[in-house]
Amino acid sequence: MDPRKLRNIKKAKNIAFYGIIGLLAAATLTVLIIIIGYILLNGFSHIDVEFLTQEPRKMGKEGGIFSVIIGTLYVTGVGILIATPIGIAAAIYFTEYAKEGKGVILIRFFTEILAGIPSIIFGLFGFAFFVIFLGMGWSVISGGLTLAMMVLPTLVRATEESLKTVPMSYREGSLSLGATKWQMITGVILPCCKPGILTGLILGIGRAIGESAAIMLTVGGSLRVPTSLFDSTRTMAVHLYTLASEGLSQEKTYATAALLILIVLVINGAANLISSKLGGSNGN
Amino acid sequence: MKTYEKAIEKVILLSAIMATISVGLITFFIFRSGLPVLLEYGIIDFIFGTTWSPTNGDYGILPLIAGTLSITIGSLIIGVPTGIACAVFLAEILQKKWAKAFKFSIELLAGIPSVVYGFFGLVVLIPAIREYILPIYQFFDPEVSQTGFSVLAGAVILAIMILPTIVSMSENSIAAVPVEFKEASLALGANKMETIVRVLIPAAKSGILSSIILGMGRAIGETMAVLLITGNMAKIPGTILDPVATLTGTIAMEMGYASPTHQQVLFAVGIVLFVVIMILNIIAQLSVRKIGGNA
Amino acid sequence: MAARPMDHEMDIITRDLLNMTTLVEETILNAIKSLKEKDSEMARNIIDDDEKIDMLEDEIKDKCLKFLATQQPLAGDLRKLVSIMQMIRDLERIGDHCEDIAKYTLRFENEEYMKELIDIPRMADMASKMVKNAIDSFVNRDLRLARRVWKADEEVDELFRNIYDELMGIVDRDPMKANQSVMFLFIASHLERIADYATNICEETVFAIEGGYDMEIKNGN
Amino acid sequence: METKFEIEKLNLYYGSFQALQDIDMNIYSNRITALIGPSGCGKSTFLRTLNRMNDLIRGVTIEGTVKFDGEDIYGNFYDIIKLRKKVGMVFQKPNPFPKTIYENIVYGPKIHGEKNKTVLDNIVERTLKEVAMWEEVKDRLQKPALGLSGGQQQRLCIARCLAVEPEVILMDEPTSALDPVATSKIEGLLEELAEKYTIVIVTHNMQQAGRVSDYTSFFLNGKVIETDKTEVIFSNPANKKTEEYITGRFG
Amino acid sequence: METKFEIEKLNLYYGSFQALQDIDMNIYSNRITALIGPSGCGKSTFLRTLNRMNDLIRGVTIEGTVKFDGEDIYGNFYDIIKLRKKVGMVFQKPNPFPKTIYENIVYGPKIHGEKNKTVLDNIVERTLKEVAMWEEVKDRLQKPALGLSGGQQQRLCIARCLAVEPEVILMDEPTSALDPVATSKIEGLLEELAEKYTIVIVTHNMQQAGRVSDYTSFFLNGKVIETDKTEVIFSNPANKKTEEYITGRFG
Amino acid sequence: MAARPMDHEMDIITRDLLNMTTLVEETILNAIKSLKEKDSEMARNIIDDDEKIDMLEDEIKDKCLKFLATQQPLAGDLRKLVSIMQMIRDLERIGDHCEDIAKYTLRFENEEYMKELIDIPRMADMASKMVKNAIDSFVNRDLRLARRVWKADEEVDELFRNIYDELMGIVDRDPMKANQSVMFLFIASHLERIADYATNICEETVFAIEGGYDMEIKNGN
């Protein structure tokens, strides 16, 4: 082909290529800004001390969301507390102890499957198992256990990923100095993974706070401040859904949405900061 | 020392099995609750029945399946090209520090609870569709639904929701392509575009593919957002402005007031959803393992 | 077994060694020829040409050094190279001896020889043949040939003793011929030493091939 | 002896750090020139100025001239794509694309507009023969290149580089990731390639420079300390610092 | 000369693949033994049988005996932890833990129960002096080890290994990731270490084996072809295959 | 500039070279002493001890070869080592010459010398000093000393010519003394050759230090 013609064709292709990519990227960024900006702008003006400290009245149409905040903390806390040790231990098992046999492949496979199950299924299961079968009713504990199951794969995966980034040579180095396996894990491997595990944990919390479908079916919708693990309560996400779908109060809906976004943004920001600040120190 | 180590190993093994136990329990209880009614009604009638009216004893979920499918496909059509374009833009074109900020923002999108997306769709997208898209559409088809709750709304919102998954996984896998490939291509006299299209994207294809599958899974399983914006009409959609109901949305919405039989039917819907997701997951797992194997 | 880049250079060095050997061999024969035929011009050429041998030695040595420096040969290759460096020094010394012989020739320029030269040319033939065989045995890795060189050295030594006795007899009987006799004696002793160098070269051959000075091979037959 | 590259007063900065200082050097056609020196001496950086691969890095500024066949490659209107076509590069780690062997080799020609299948087939055969690999792989050209051994991968990369018919091949420690046997195969190849191509090779392995190159240039702290025939550098270098480095007395 | 390891009829299989075949070897106290051979010849595998690091790999079966100070380390009641304490190992890539320099060195002693701060301080000083690094780093013991240069990291790894007072140090290509200057520093260290320790070193770099070792063992396809004094292996090996490998005629 | 492991071995080889030199130097002096004092026992010892020198040469050569094989020296180190290998061969040859001298001594066992030996011991002194200086100039990298050796060689050559003329005169005048004269002549020629070896060693010194045979240094003063 005539080299000059070839060059011109290439030039045209280049312009189209970069044009489209730039356009799509810009669109994505714009959507992001609009979503967050719109909700925060509309919501912030309605967030005040009263909103944060008062209990909701008239199904949330008036008053604040104090009991909802407490409920959110409760459910999320229970879920994370249950999931964390199990998740980390499971990840350690996969990376350090599991020998590549059929059983392990299966266990690992099911862990991945668990990650892909939609939240509404967890909700159905939680409803059938914890609420009905175990008779826990709509309660913090039912929701917490369901949440624990949901965030478990996230935790396992995050921990596993960061365990995997620990170079094999650290393990060899440690064992060759006469360390036992558990000494190696606690003394060398886990310290390397702190940022990774922490990031996973925070992301899990974020996911738990934002969850609504599963919570709705397992925790119920009580607007009272829960006093025990077996009380029903309501989380912010569920509250937001209820407000939005029933159109009770635009103001309260925006305020709740803004608060929810804010919390989640802070949490994710923290996770990101941790992984970028500390993640680099693993070296190699 | 030895026994101590052995004990630790056992405890850890138990934790590892927890996920498996969970999946088992989930499967068991969903099927236990939904299977009787499913068998009683007949699987074929259940899946291919075109009328969903649980209060009248009509349990045909084809409209629900059609609803889920239509918004899922719609979201992929919008989300996949955008996501890959963003990934390329981030990994190869944008300066490092800006790319980092951009990626950070994208990850923020991932963290926003789905119910917030639903709310946003409800207060911004639906009115926008009513105001701007509908008049144009009406020009061709005066009979079209006028509420704004629609396949289109669901697809757009879901596209935004799956975008972070696609962007960040694709970006990771493009960035993970060794710089040596890039250098080799440039050293052979290729320009940047040729390098991206012919070397980087093919080298990252397994990662990109699995990001798409994962995004699809998320789109199918999404509940609260679609619940708020698709209109929840159990009808097979004719146009993209028709309202639809999805499998997930139907379960979430009707569970609250369902009679015991109705509940069982919803569990049966859950079974269908569960099976579809499982199949998709398995495909994703296998494809990742197969493609990832030789890289 | 693949050809290595170093093989090419090794071949060049070997070829140079053979060229140098041919030159030295010819020089030995010519030295004696010029002596026998009282060919002063040839003798003078030999003296001039010694420079050539010296330069050849320097050249090969330089190549060897650069080979060592750049190719870093090991085991057999290394021994071969080290041997070559020793051999070329010996060949150069042989050239020096020829030069000395040529210088004697020039002294006789205006003198009649007291007798016909028979044994000395024979010795020269043998010595030059030994040098050639010694190098050939090295190049062709032929230990049998090397052993023949040792055998020949014994003959040369025998011959030298005969010449010595004969010439000293002449000196005793005829003091007038003393001067010439002493000269011939020196020439014979030079040839004897050349033959010794040839055996030294054979030792190098054994070293290069076997990696040590194996006395059994040297003394066996 | 023809001069392929003429480098004059070349200075290179990474931001404010000067990585190359007043480099003057000639690189001769159909000769193998080796660049040696301790880590961070600038030898790789210098190599990458010859096909402007440093343009990939942000914050690099370059002064002085690098003439390729008499033309300054850092001149305003110089076509980098053309330069890179003529000045090929082989990298430290074998980096075949995750494509088939065949696709790897035809990548370059295709980019430069060659579409004719027969021509491409011929290029594949020619280049694989040049790197002495044709017999080994001719029956599996459609197999993934990443299935080859490390040494084969590197030879494939050389073939890929030859496919765009370069005049110069730059090699950045091409054997440092290979075992001795694969290394000696590549080294054996170099001598043959030098008949058609000009080769510049950066190597950590001093012995390698000795074995394969005609000229050797010793870099230290971004400067060229000494350039000479390889045999001279290794047997009798003129500069004391070269001698120290060569004999391991350095540092 | 005392024998530290006596290996008899050692066979090692990865699944059904035989990686080591009838290895018979003695490794002498306070000597440096180098293991050379082409990639995949089994030299690294063999090294790892000496401190049972192969136990990390699944599907490995081992036959024959490896006697350490007269005791079979593959015997039923042999304490691996004790073995690894006595037989230290240094790896191909420097692998200091992402801790401080100080913490790296005391890791071993702490694991084995040493808690006394003074004792630990002394260990740090002693071992850093042994690897000729004390002066370089004594003022920054609390700095992260990963901030050191590659060569320093490797010396730190040697120090870390010395901290548990081993009798043997196994080195698996300890300089292959280092530049020539750092390499020659490590090589210089080896000679001194050999006064106190028995060293077994695997190296790709034949020249390195020549420079540093007292004994050299040539491996090929899982077998030991020849073991002899290094100078003999390099100047006049007994086996034709060794000669071929040494002179680059192999393969 | 760090000490390298190879420096240690290089030192050992240098020490061995010096030991060998001392032995050779003593052998030269003893050979002439035994000649002068007609000490047959000493002469016989010299002949026996030549084996020792040969063994020393083999030993050093072996060490050099192993050094080349294992340390792969370059540049200055390499040249030094190559020079040593050439020098020890020359030293060994010097030993051979001493053995030859000792053999002559044994022939005189039952004879009175025709005159007192003056010039030959002087020549021997000079030659042995030259050998010592040659090696010292190498070890200490002292080109000045090397130049002195070349100077001395000229003196030795002069002395040899004198001895030659003197002895040939004696042969002419007194044929009875011919036998002894020829012997002395041979001995002197051996010494002259020893001195030549010393200058060859100096050439090696120049080569090792300068990396080439720099004729200016050789000929300059």
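Per-chain residue numbering starts at 1, and chain names A, B, C, D, E and F are given in the order in which the chains are listed.
Criterion: a residue touches a chain if its C-beta (ideal position, glycine included) is under 8 Å from a C-beta of that chain, and two chains touch if they have at least 3 such contacts.
Every value quoted in this text rests on a predicted model; they were computed, and no experiment measured them.
Trainee: Can you list every chain that touches chain D and also touches chain F?
Mentor: Touches both chain D and chain F: C, E.
Trainee: Determine, using the mean of C-alpha atoms as each chain's centre, which chain is farthest from chain F.
Mentor: Relative to chain F, the chain whose C-alpha centre sits farthest away is B.
Trainee: If I list every residue number at the interface of chain C and chain F, are over half of them used by both copies, so same, or under half, so different?
Mentor: same
Trainee: Looking only at C-beta pairs that count as contacts, which pair of chains has more of them, E-F or B-D?
Mentor: B-D
Trainee: As a quick test, compute the distance in whole Å between the mean CA positions of chain A and chain F.
Mentor: 90
Trainee: Which integer distance in Å separates the CA centroid of chain B from that of chain E?
Mentor: 53
Trainee: Which residues of chain D are in contact with two or more other chains?
Mentor: Residues 112, 184-185, 206-207, 210, 234-235, 248, 250-251.
Trainee: At least two partner chains per residue is the criterion; list those residues in chain F.
Mentor: 2, 4, 6, 65, 68-69, 72, 74-75, 78-79
Trainee: Quick check on chain B: which residues sit in contact with 2+ other chains?
Mentor: 191, in rising order.
Trainee: Which stretch or stretches of chain E touch chain D in the complex?
Mentor: Result: residues 38-39, 179-182, 184-185, 204, 206-207, 248, 250-251 of chain E touch chain D.
Trainee: For chain D, which residues are in contact with chain B within the complex?
Mentor: 51, 53, 56, 58, 81-82, 84-85, 88-89, 91, 93, 95, 97-99, 107-108, 111-112, 144, 146-147, 157, 160-161, 164
Trainee: In the complex, go through chain D and note every residue touching chain C.
Mentor: Interface residues on the chain D side: 184-185, 187-188, 191, 207, 210-212, 230-231, 234-235.
Trainee: Which bits of chain C are touching chain E when the two form their complex?
Mentor: Contact set of chain C toward chain E: 1-2, 4, 6, 72-79, 211-212.
Trainee: Tell me, which parts of chain B touch chain A in their complex?
Mentor: So the residues of chain B touching chain A come out as 1, 4-5, 8-9, 11-20, 22-26, 29-30, 32-33, 81-82, 85-86, 88-90, 93-94, 100, 102, 104-120, 122, 124, 160, 163, 167, 191, 193, 197, 214, 217, 220-224, 227-228, 248, 251-252, 255-256, 266-267, 270, 273-274, 277-278, 280-282, 284-285.
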